[in-house]
Each structure stands twice: as structure tokens, then as C-alpha cells.
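What follows is a structure written as C-alpha cells; I'll ask about it next.
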């Protein structure tokens, strides 16, 4: 299940609904990403999340399918917010339930790792009266690649342009 | 032919627009050709696409490389590497 | 924070309190273990969890301290139930928050892996009118040992008894 | 000397009791000696401790081995390998 929304979500309500009436779940793993209050040394005023709606849905669904292909998961849930967020606000929720805890942990971590390198969201930080687009993190690419069969975002466009410009 | 172009994040700011519909000549048959044509046209989009090191491409909502063909009705998006999620 | 109780817990309320007023959390990882409905081929009627109260608290606190020693965690929470549970009931909650998601995932998984091989709880399954004490799982010992500096539960008593009896 | 003994899970069932206070002779100085003495006494505890393959030991709420000393006032617990948590 995929949801992309500007509104906040209620972790308790989401989890209650996610496992509602199920008695085949042995383990539930959940990850929630939140807005931190500091950027470098400056206090963060706001984080603005922009996205590419049609592509976001498609990529998240693909990431979810890939997780189900790799592990015996009973269900998965991804909720990602966009728009203007404040320190302490929830950004993303990823939940996975499985009969077994190993699959639940692996599936959950895989979803967030791939999401961070595949789903078309971009963060803009506002701090000290200035704004700055967050640069992608090389470490995140390495983390996603470590799952194997790393998804390709096309890579550096320049490198493939005739003449390398 | 008519192609929809989308710009996101700092590419959108530099391009001075989030989207536009363009009609390049028939000699433009792939993304590389489209980028060349957009650069030649000048203005914000040319500035946005002047340095492609941190530019990613999607054609019809799928990640693509510059050798991907473009045809009438396609949606081509230019954006920086993604930074969603949380808890870096 | 450690809690051992017979009552159920509310995941949403626990998480709300866990991160209440914090703006330094980047990632929250949560694991919930639940009672599954089937034992082998037979439907499970109930799961009874027995524990050794004084030692449980002490071991859980030690496991928590070890997690904080290994990763930069902002806070940890372990809630473990005892008593008679039904299929679908929650058994255990482990939550970890950190500035970064890697530490949150690692810390959370470490806590549940060590808990399963260290904390003095025992499960009795009731199915088909019979009851059976759940045997410890060799795989779980391997999983816990993979974290390194595996905690020692003393091992097989017989092997250390003079004469090997 | 007086020592508190605790039995858990199937050891409790086999011992026919969850706890007892025993007073072994002064020749009992470690857990191994205590087990020998309990076996010699017979009854449920002897049956529970007849096969130690799946028995774990704690002295004063700390995991211990059979060579751990026991003295007056100690709490010695016998139980199977633990099986808490969830999501096996």
C-alpha cells in the first residue's frame, strides 16, 4: 500500500489498520523518518519536500513489488509526505509485516534504502533565512547498492551525452 | 512534434519554470538531441541544463539515459538525484 | 526504558510518548512481535509467557546499555508482556530512535536479537488441548552471535558438570 | 546455609514447585555440588535436573556455569534456554 500526501499521519492508527484482524503476523517492523532541527550548525526553520507525483507513485509501487519478490512479506505500507515540514515532523513511514522477524527487518530496511535513491522527492532546507537544496548522499547510494541488483537512476547525464558535455 | 518537459528542484528554479511544452524539429530523436536543442534555445532551461553532472532524466515517468528516444507526446523530466526519505 | 507487564500496550501512544517534544530524531525504528495463529499444523489456542521478574529487568537493562554502547542512539524502549496471550496479541515492542536511520535499524534489530537469547522469558503453546514448551531456536542463537561478543547464557549445564553428567 | 532455588518453565513443572529454600551441607560450595545434592535428595527437583542438556543456570539473577560458587543467601535459578520475544 502506497500513499503520498501533504497531511501528517498517525503512526498508531496506521499500524492498527495495517495489522487489523490478522493473526498470521509474527513480526512487524516500522521505520519513521523525521525532520531534524539542525542543518550543520544552523537551526532548521523548515524542510520543503517537492516531488514528481505520477512518477513517485510508480516508483514506490515498483520498490514495494521488489521487496515482496525478495522476502516472504505479508504486507507493506509506505506513506511519504510532501510540502512544507517543521523540525520534529514526520516525513515518511515504512512498515512491513511478516511471519518472521528477519524478513520484516530486511524488507523494511530495503524499502527505505531504495526509496531514498529511487523515489523522486527532493528536499529543500530553510535555515538562517536562506534555502538550500539537499544534495544526494553518496553513502545512501552505496547502501542501496549493497542490496544487490541496484536500481539504476540513469546515472550522471553528462557522462552519457555525446561528447561528454 | 510536441513534448512535455518537466523540471524539478533546483533545475526548476534555474529553468524559471516547472513545465513547458516544446516542439523541437524532427531531427531531435533522443534525449541527447533534446538537451542540445534546449541549450541552443537559451534562457533558463539552457542554464539549468548547462552542467549535467547532477542531472537525472525520466522519460514518461521512467528513469532514462540520454540515448533514450523521444517521440511526440512524451513527457521528459529533468531533476537532481533524489533526496526523499528521512533519517540520513 | 524497560517495561515488563501483563497488560497490552498501545503502539501509537507508546511511540508518541517516546518521541514527544524531540526534534533531534532523524529515524525511529520499531519492532513488534505478535502471537501467530498456527503451531505447525494445529491452530494455536493460547501462548503463555512465563518469566523471572528480577532477572528479566536486569537483563533487559543490560541489553539496552549494550545497544547504547554500540550505536549513537538517542533513546530506546523495550516493552515485553508476560501471561496468557491469544493469536494476534502483541508480545513485545522494541523501539529505537537516533539521528540516523542506520543506527536506528541496527540498534533495534540488535535489541530484539539479544533479547530473544538473553531475557529470561519462556513460551508455552496451547494447541489441540495440549501444551508444549517452545524449544529455543538454534537459528536465534546464531543470529545473536553474529552481532559479535555474543552474550553467554552459561551454555549447556551438563557439559560443565564434573564428569559430564 | 540456606539457598533459594527457583525453577522455571518445564523445569518448574517437572520439579513440582517454582521455588524452595534448601539447606545443603557445608560441603556444597558450588552449583555443581548443589545439583548433586538436589539429585541425591530425589523427588521432582531430582527429575528436573536429571538431564542438564537443556538447563541454564543463574546465580543471583546472573547467568552462571556449574563452577559458580554458592553461599548462604544466594538465589540459584534453573531454567531452559530462553524463548521470549516474537517473530521467530
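Order of writing sets the labels: A, B, C and D. Residues in every chain begin at 1.
The definition used in the following text is that a contact is a pair of C-beta atoms (placed from the backbone, for glycine too) under 8 Å apart; a residue touches a chain by one contact, two chains touch by 3 or more.
Computed from a prediction, not measured in an experiment: that's the story for all the values here.
Set against one another, B-C and C-D show the most C-beta pairs in contact at C-D. Taking each chain's centre as the mean of its C-alpha atoms, chain B lies 50 Å from chain C. Chain A and chain B have centres, each the mean of its CA atoms, that are 24 Å apart.
Centroids built from CA atoms put chain C at 27 Å from chain A. Counting only residues that touch two or more partner chains, chain C has 26-28, 31-35, 99, 101, 104, 112.
Under the contact definition stated at the top, the residues of chain B that touch 2 or more other chains are 85-88.
Under the stated contact rule, the graph of chain-to-chain touches falls outside the line, ring, star and complete shapes. By the contact rule set out at the top, the touching chain pairs are A-B, A-C, A-D, B-C, C-D. Listed in rising order, the residues of chain A touching chain B in the complex are 31-35, 49-52, 54-55, 58, 80, 91-92, 112, 115-124, 133-137, 139-140, 151-158, 160-162, 165.
Only residues 10-13, 15-16, 19, 21-38, 87-88, 99, 101-102, 104-105, 108-109, 112, 143 of chain C touch chain A when the two sit together in their complex. Those residues of chain B whose C-beta lies close enough to touch chain C in the complex are 85-88.
Across the interface of their complex, chain C is touched by residues 6, 8-10, 12, 32, 35, 51-58, 61-67, 77, 79-88 of chain D. Residues 26-28, 98-101, 104 of chain A touch chain D in their complex.
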